[in-house]
Amino acid sequence: MIQTKTRKPLRYLVLILLAIIILGPFILGFWTSLLPTADIAKGALWSTHISFANYAEAVKQTAILRYLLNSFVISTLTMAAQLLFCSLGAYAFVFLKFKGRDLLFYLILATMMLPFEAEVIPNFATVRQLNLLNHYAVMVIPFLTSAFGIFMLRQAFRQIPPELKEAADVEGLNHWQFYWRVTLPYARISLFTLAAYSFLESWNQYLWPMLTTFSDKFRPVQDGLRQLQSQETFNNWGMIQASAVIVVVPTLIVLFVGQHYFKNGLNEGATK
Amino acid sequence: MQQEITPASKPSLKPKTLNQANAKGFNLHVNDKWYALAFLGPSVLILGVFVFYPMLRTLYLSLFLTNNVGRPTVFIGLKNYVNLLTSSAYQASLQATAVYVIGVVAFTLILGLLLAQMAVRKLAGIQWFRTIFSATMGVSVSVAAIFWLFIFSPSIGLFDQIGTLLHLPLVQWLTTPGPAMIAVIISTVWMNLGFTFLILFGALQMVPQPLYEAAAIEGASPSYQFFHVTLPMISPTLFFTSTVTLIGAFKSFGLIDLMTAGGPNNATNLMVYQVYRDAFLNGNYGLASAESVILAVIIALFTLLQFKFLEKRVTY
Amino acid sequence: MTTKNGSQQRLLILGAILVAVIAAFAGWSVMSKPAAQAQGAKRTKVVFWNEMTGPAQQQLNTFVKDFNQSQSKYEVVSEFEGNYNEAVQKIINTHGTDASPAVFQSMDISTSQIHHTGYTTPVQKFIDEDHYNVNQIAAGARAFYANKGTQLSMPFNTSQPVLYYNATLLKKYKITPPPVNPSYSDITRVATQLTDRSHKKVQGMTVEIYGWLFEQFMANAGVSLANQEDGHAGTPTAVNFTNAATVKTMKWIQDNLKKGDFVNYGAGANAQNNETASFLSGRLGMFMQSSASIGQLTTGNQDQLGITYYPHPDGQKSNGVAIGGASLWISNDKPSNVQRGAWEFIKYLMTAKSQAQWQVATGYLALNKDSQKEAVLQNLYKKLPATKVPGEQLRAATPNATNSGIFLQGLIQERNLTQTAMEQIYNGSDIQKSLATAQKSMNAYIQGNNRANGY
Amino acid sequence: MSIELKALGKEYTAGNWVLEDVSAHIESGEFFAIVGPSGCGKSTLLRMIAGLIPISAGELQIDDQVATNLPPKDRKLTMVFQSYALFPFLSVTDNVAFGLKARKFPADEIKKRVDKAIDLVNLNEFKDRKPRDLSGGQRQRVALARAIASDVKICLMDEPLSNLDAQLRIKMRTELRNLQRELGLTVIYVTHDQVEAMTMADHIMVLHNHEIQQIGTPLDIYNQPANTFVASFFGTPRMNLLPARVEADRELLLANTLKLSVPEPLPVADYVVGIRPNALRLLPQGAGEPNAQVKTVEYLGSEIILEAELADGTPLELVAAAKDQYNVGDWLNVAIAGQAYVFDHDGQAQFMVEGGTRHATGNHASVQA
């Protein structure tokens, strides 16, 4: 429009303000992670002693790297499992014909309404019975599959032209072959979206690991930060901020590299 | 009027009875039950054990008193529910949850929309802003909580310092009820913004440009265009985003745990936190189960609403 | 075309990053491990759960390290499990699984609950087996964790509620300090004088809204909070908040608040931080808190710190207060050699030397009587004579049913309820009515709990 | 409601002009078409007139008022978009009423105007429908009704018929034209379809290569193309453009094959001669030397389109009577039988020859006007 010409500087101003608001906590967190805790405690947000000492301290004195490793292991396993089981499940709902399929689909859809947070009590009892407590398994097994993932991939698989299945039937491909050679490659964008989604979901788990892990050996990073926070009575802010930055940097990198996919995938999910 | 849905836009919540290849192909009479077992078995097992069974079990537990090691011992019918709904503490928790959820949803949407609206117009370097606006998607709960804890911390925190500079009365953000609620809402909104921005930005980008041009020629001012073109055009996405945010807010736990632990004076004691407290701090599993059921019902209702809307949903 | 290539490229980059990070971590954790594993291979592993933070955690970790070096049979692995409240249910919930601890620290008010789960081996068993001289451990602390003559757990980090005053301020306004074992009116006098003579620049006194303090007022007045002699004679079925001594205490606080000689700092961590900050900056003359705060109140405090016993009602002798803190328990779901290792570790922590070091490092009381002779502790007393007072208060009281803690399940609820009542009373509500409401709720809770547990 | 374009120009990045020196006068009540191939800047020009994109150079006058920097809503015009730009969430009535509501007209006035507009485009039965429940033609009418309801007399149309199927498009041409006359609208109509422009417009502006090629009535444009671009753009099948050189004193040799006599001697140079397919005659077999070979044969029913190749390889399109029979590979004998347009080697029209007489071409006058 014509008016925008004159408004340009104003729009940049608003954009920059908004960017500052969004980035503020990051910048402040990163900046204070470079300051000596003594200076932070005095309320000084400026210091001449800028260093990575807090990072060295965090890595040496806390199990922050172990927490990160745990989270990577848990999230990667969860992601891989969800890709496999959700795609298998979705395949069954699209390409297989069996009795009670619709009913089963509705049941699985219904589970999307049930918040995990409201089911922790019996679930805790279950994993305790299975002697899974305080192990990677306890944070992976309940999330091997997800109703949302099945639903989302089912949507994607339905976009596969029926002619492909017919052609595969003519070629004599069985279901495994069709699943592996056609369905998965065809829906790879959706698979990627699910991968990103399940990884982040697992990465952000907080309540469940908090209830089921009892040692640093298996504690994921979210609860690791909680651990650091609650152990420090004399708030060692420099080190805590450094730990937070160590945790946030990998996900930020993944986000920026994979931004393109998140955007497409999310919008697909939102508009379908 | 008639909610006629074009085939392309039909959200496929309903399974089609006759499906694609199998209906038309020559293996019409094949029953794939063994395949189905192999393909679906794992998912059904996991969902059954960790989603279906626990819901029933929670319902069951909610009707009992539990002993000091968490086993249900005395059947008391709906007594737990009665006690809860008449308890002023639980009512306060419901109220706090309502305030929190409404605050989070409202501000997340408004700010998300503002960000998206600002980022959607083409400008030199706008790509940078888009990336920045989506940055909080990469932030996990604990990191967000720690960043904001520092900002809100007394005397050394940013807000306190700014307040001191401007000679404003000091606010004990996390230790006074009202401000503590505001603080957790701000933090949650910030954490939500990246995701909300991306979704709304995508929706705005899909609004056809000629609609704005037509509106401009027809005499609509920018604000008229926003309310009478932009908002209606993205209303399905707006609805999707608000329910997702709403359900997420109902489930908020980590941020509360780290920032306020439900305090001060239970001012931020949200429903999930109350479940955690009663179960895993107080060992009152029967009562906590009843609280879980109430929480599940509320969330299920909103999810159902979302499904219903998705099904009816009109894509233009 | 380009997008496809681009997207595949990005996918590759992402995958590569993921693999690289995992590989890096795996390498790091493998490299950093072998030493610890090789050492622990032949030893019996004893998992120890604690809830200590800050300097106490550091000292505890030092103890663990020293214990592991002092012998070659056991390896104690210490795990921090969050705050006291969290830990109780964690302990109960993991019992019988591979995740459970062999020895754990659990807070004072969880004693009855932990005992009733039947998940622990009373330390009495090992005391008897070893003919361990239990008399060297402070009786008042032992009594709290004993039931009907059996020592259930070993008192560990132990504090006494005491009254702190700013001696320098009192001198400045020419006020006679309160006696070492003050009555309510002694405190009222000092508070009034402070407020008046400073022209309200200094606030006289605060009593935090804190259930623990509520319990200690009753203990020091010699009245039972729960029936069955505070649970020491059997499972309590009711509580008594509305007794004369409690009403009198609440009235004392309420009246002084109205007069403005006392001030209300509210409840929770917030109140504790604020009252400490005010006290240190000379704006508050007196407050009551755990003796474990001594460290915080002496470091960097130019003013001289004064400490007295917990105040008692006028016209009667002080009965003595119960301790606060936590004790060490041994789980019974571990094989006997592990339980034995746990006991050996407890014994190590209770030596005179360890206990003396513990008090110096943390402000918790040294429970071993012989610790008083240790040089580190002597040095502390020489430097800060006031730090002697909490220990003296502990030794001064003869343990009886009312000052040995309350053997009742659901003390967390009790504290929530009494704190609500205190809050109401501080804001001017009717004392009798507020206490009665809390009492009714607590009795209902006890009945439900007893029913659920089949008592 | 006349419109005056005075040397309008548009640059998106400095020095990079997508439109240059566009001047024209559009009379009140005129149907003015802007035609050109895609990318020629015709939509840009329309959007500049509408005020949707800023004008970089020159001046725009609407109704004798300078409008160069006015916002769109103050230009007293309306626009119909190629995609119709209907609001999918509004019913037909509300779509038509959109502008009136935005301009805060009183409710009864809105109702009156909307009813009238909907009536004019025959959409009475569909008033309450949403756009998605309408056919393409009906949507087109809604867009028209919206333009009509605003009651302003200038209507800009951006390829409004291009999304319709062929039959409907032809029907709508007439309807649009009738409506325009009936309401006395000044229409600026952008299209890439020369037939549409020819059949509907009072005047046509031909845009190509960032500038005006010619402005004139359809007849002018067809009969007196200003250059080879205009000549080949209008008319189906397209005009044949043949390279020519001076062969004899009063004779041009086209594509080394065909001879064209000109009334007066020409300077020796390279020329291009344009001959419409229907100005070529097929001589009966054996009447002379065959000079072209058939490459494809296209039967249209009423006639046959032949694509042939002249002896030197230059392609040539011809029209033949349907009753005749042609096969690929047949040799033909082609002669010039109608108008031949002579252009200089830059493509600018020089004159037209018909039966050996010279006629002037290239209505440059209207460009300069």
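So that you can tell them apart, the chains are marked A, B, C and D in the order they are listed, and the count of residues begins at 1 in each.
Definition applied: a residue touches a chain if its C-beta (ideal position, glycine included) is under 8 Å from a C-beta of that chain, and two chains touch if they have at least 3 such contacts.
The structure presented is a predicted model; accordingly, all values stated were derived computationally and were not measured.
Engineer: Using direct touches as single steps, what is the fewest number of steps from chain A over to chain C?
Structural biologist: Minimum number of steps from chain A to chain C: 1.
Engineer: Please state whether B-D or B-C has more C-beta contact pairs across its interface.
Structural biologist: B-D
Engineer: Averaging each chain's C-alpha atoms to get its centre, pick out the one most distant from chain A.
Structural biologist: The chain lying farthest from chain A is D.
Engineer: Report, in whole Å, the distance between the mean C-alpha point of chain A and the mean C-alpha point of chain D.
Structural biologist: 57
Engineer: Between chain C and chain D, what's the gap in Å when you average each chain's C-alpha atoms?
Structural biologist: Chain C and chain D have C-alpha centres separated by 91 Å.
Engineer: How many angstrom between the C-alpha centroids of chain C and chain B?
Structural biologist: Spacing between the chain centres: roughly 38 Å.
Engineer: If you look at chain B, which of its residues touch at least two other chains?
Structural biologist: Only 70, 216, 279-280 qualify.
Engineer: Among the residues of chain A, which are close enough to touch at least two other chains?
Structural biologist: Where chain A meets two or more other chains at a single residue, that happens at 1, 3, 254.
Engineer: Residue numbers in chain C touching 2 or more other chains?
Structural biologist: In chain C, the residues touching two or more other chains are 90, 93.
Engineer: Write out the stretch or stretches of chain C touching chain B in their complex.
Structural biologist: Touching chain B: residues 85-86, 88-90, 92-93, 95, 113, 116-117, 119, 266-270, 273-274, 409, 412-413, 448-449, 451-454 of chain C.
Engineer: Which chain D residues qualify as touching chain B in the complex?
Structural biologist: Within the complex, chain D contacts chain B at residues 47, 50-52, 71-73, 75, 77-79, 81-83, 85, 87-90, 98-99, 101-103, 128-133, 146, 150.
Engineer: Show which residues of chain B lie in contact with chain D when the two form their complex.
Structural biologist: Those residues of chain B that touch chain D are 1-2, 4, 6, 208, 210-211, 213-221, 224, 228-229, 232-233, 235, 314, 316.
Engineer: Which chain C residues qualify as touching chain A in the complex?
Structural biologist: Where chain C meets chain A, its residues are 6-7, 10-11, 13-14, 17-18, 21-22, 25-26, 28-29, 47, 49, 53-55, 57, 77, 79-83, 90, 93-94, 97-99, 101.
Engineer: Once bound in the complex, which stretches of chain A touch chain C?
Structural biologist: Per the touch definition, chain A meets chain C at residues 65-66, 68-69, 72-73, 76, 124, 128, 131, 133-135, 189, 192, 214-216, 227, 230-234, 250, 253-254, 257-258, 260-261.
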